[in-house]
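Consider the two complexes below, in which subunit A is the common component and subunit B and subunit C are the respective partners.
Take a look at the complex of A and B:
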């Protein structure tokens, strides 16, 4: 517990920092509402055109979209930690190495904290308001409390998985010294493959099979589909297990990359 | 005292243009990276449309090539505004840092000074992609091309450029009042770009179309001429609606002017 305390301090620092930007949060919520409506209207149009080809129900679609908007900050692929990248580029990462904590867990915690703090301000209003929208646009309750439990576990794992995927993207800056290329490749890849551009059930079946062998399918897509009952409860443990397996692969991989990256750092004094 | 001759605006613009171009070329690898990054982003949204049509084939009677026609014209209009009006896009920074004060001292109109302050050539990737998608859409859509329809298409392209440019000017004008950039403005520019990827009526919402006709004239720039182009509307007025975006441009410039008049420097 004692070892955890410094991370908790980190986190509360971040949340208090983020709370200063309430207007930004409000603007974000407004934007996300418009975005959510737009996507729901779009997918309903496809559904109207050919109901037999559309795999989800109206409620499932709306719920998927609203969950996505509510937890957007947690899974935002575009936002990388700018101060971490700046540290790598200007060499202040050397100071960080002097601290009596290892770098990978610290960066992991920082990344989690800034995402969670942004999401904390935004998700409740969105979920509350969208729960009262008219039929077909409403965010519905999960079929059973067990669904909710599975959703919650899977959401936490998906979030950890997202941060574990983000770490190598940050660490790659050690090798390339420029983040713009990585950012756009990473963001587009993750956005497309994790269902944040198009809900994954709407993609061709072959592509979904391919994605099921990558970690991307197990990001936000998995918890949202468990919540709405699209993934049956009996299959949920399998998804959760795969999420755990990917975490066990990606976290050591990131830590290893970090070690390699740090071995290249040359401190020039000054 | 020696009299300086005033350089005509278009020649001055040319000087700035080549200056920004040469500056961008100094950092070729960085330029190429953001060039491909930008292209990748719009490629992903193109791919999304493509895959959705792989499953559904049509949406509300519109075929893939018709939708791509909509998508590409918006993409081109949007990227033109991003390339050439970058100074307005990033205007919040100038107000915050106080560097706008310097522009006030220049012997040129403020709109011109902001216009030439920045250009973003890395965004040309999106424009090129727009051209490629247009080429595909035009050759695959069942459109009987007449001179009137070709004219309608050109007006549509012009309308989209003017529409997105106006939004950027409006966004910059609003900065005078709020000091910080307004994320909410993105709803119209980026939201308009996303919405406009499909013909507006597929969303099945009348208020939406009315809003985007009268308040934010996206439908005038793209949707109505598109109906004329594909033969869904015969009335020639549909082809002329993009001209309405010019009025919108004037309104946006008006907001900007009011903003300038009440501008108080934030100091440096």
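Take a look at the complex of A and C:
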């Protein structure tokens, strides 16, 4: 517990920082409503053209989109921790290195905290309001409480997985000294492969098979499909297990990269 | 406490001339220059010592501090701090040290200063009672009571620096590294910071290593000076000894009834450097001529109304030193 305490303090600091930006949260909610409606209209148009070729129901589609919008901040692939990157670039990371804790868990906590705090301000209003929209646009309840439980577990794991994937992208800045390249590669790759650009069930079957061998399929796509019942409850444990396996691979990998990075890092500037 | 032997660190720097042609050329072929930031560095520092670490820009001061604080891994050589190798046992090592980088900030920008302190308390696992005691003491000595509740972004530089120093001491470090702690501060803040550092060293026996370009810092704080240039220690000794050796020249300004430069007879070691109708400035070499003899020589020839004797500034001394060692 004692060891955890610093992470908890860290986390609450980050939330407090984020809470100062109320306007940003309101603006974010508004944007996400607009995007959500646009997406739903788009997919409904697809579906009405040829319902037999469309894999999801209207309810499932709307629910997928709203969940995606509600938890956007947690899975936003384009948003990197700007203060971490600034620290590397201007050398303030020297201070972080003078702390008696490992940098990997500290950065992991920081990344989690800023994403979670942004999501905490946004997700409730979106989920509440979209629950009262007309048919076809409404966010529906999961088929059973068990579905919800499986969704929740999988959401937590998907979030950890997302952060574990982000870590190497941040660590790479130690070597590259500029994040813009890695940011755009990472964002596009993750967005496309994890279903935040197009829901994964809409992709060709072959591509979905390929993606099932990558961690990307097990990001936000997995909990959302479990929630809506598109992935049957019986298959949920298998998905959750795979999420755990990917975490066990990516976290040590990131920590190792960090160690390598630090052993040859040069703190920038005087 | 601190033991450094034959420490080396080399950086590779890509260099090219300006202009498009050279930029394109460097795309295919880069020329690297090796910079020996630390070149067989040797020194030891005892417990409770307060040492001024000086040298021109780019001499290797910051690199040394980075190695000592476990951030930078040297290429070769031995370095132990409190029996530990900083970069090998980083976590255990940094719990014992406090660092202030004058040009960077460790305080969280958006939240009140006290929030950063609380975070540091938890990061260093400082027990609550000790944290309270340290915080009260630091608050009183550095005059932080109003500042703690202010967001960092709204502090002035002097206020922020006082908070930065306090932040580095929350966990009772045995060694304090100060990298230009008074840079950009006004006179009042500088003196407050110096007094505090001095008191801390005296009362807690904290070992202090201070790098600075501000010679008043050195004069006010340290007995011992390490002069570094081109990655080597050029001089290790007390400030007084340096002064005795290099500051042998005095300027004596005399306000008097009138002096005739042509008929003036001066003893050896004394020259007239400026002459005005009612004022004259002499240069004295104190190794040859005691100041009292110089005064006697002048007063024998005219009536002195007022007189002042000045040391050349410490900055002059340092410039002299840098020149002598051909650094800077």
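Here is the rule we use: the second predicted complex is superposed on the first by the 266 of 270 C-alpha atoms of A that agree within 3 Å, B and C clash if a C-alpha of one lies under 4 Å from a C-alpha of the other, contacts with A are read in each partner's own complex, and residues count from 1 in each chain.
Just so we're on the same page, a contact is a pair of C-beta atoms (placed from the backbone, for glycine too) under 8 Å apart; a residue touches a chain by one contact, two chains touch by 3 or more.
Worth saying up front: this structure is predicted, and the values here are computed from it rather than measured.
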Discussion item. For the three-chain arrangement built by superposition, which of subunit B and subunit C touches the greater number of subunit A residues?
Written reply: B
Practice prompt. Go through the superposed model and pick first if A:180 touches only subunit B, second if only subunit C, both, or neither.
Written response: first
Practice prompt. For A:135, select first, second, both or neither according to whether it touches subunit B, subunit C, the two together, or no partner.
Written response: neither
Discussion item. Looking at A:9, would you say it contacts subunit B, subunit C, both, or neither? Reply first, second, both or neither.
Written reply: second
Worksheet item: Of the two partner chains, subunit B (first) and subunit C (second), which one does A:207 touch, if any: first, second, both, or neither?
Response: first
Worksheet entry | Contacts of A:99 with subunit B and subunit C, given as first, second, both or neither | second
Practice prompt. Would you sort A:41 into first (subunit B), second (subunit C), both or neither based on which partner it touches?
Written response: first
Discussion item. So subunit A touches subunit B in one structure and subunit C in the other; where do those two contact lists coincide?
Written reply: none
Worksheet item: Which positions of subunit A touch subunit B when the two form their complex?
Response: 24, 27-28, 30-31, 34-35, 38, 41-42, 44-46, 48-50, 53-54, 178, 180-181, 183-185, 187-188, 191-192, 197-198, 202-204, 207
Discussion item. For the complex, give me every residue of subunit A touching subunit C.
Written reply: 2, 5-6, 8-10, 13, 16-17, 20, 90-92, 94-95, 97-102, 263-264, 266-267, 269-270
Fill in: Residue numbers on subunit C that touch subunit A, as the complex places them
11, 62, 66, 69-73, 90-92, 94-95, 97, 99, 101, 103-106, 108, 110-111, 115, 118-119, 122-125
Item to complete: Using the touch definition up top, name the residues of subunit B that touch subunit A in the complex.
Response: 29-30, 33-34, 36-38, 40-41, 43-45, 47-48, 51-52, 54-60, 182-184, 186-187, 191, 194-195, 198, 202-205, 208
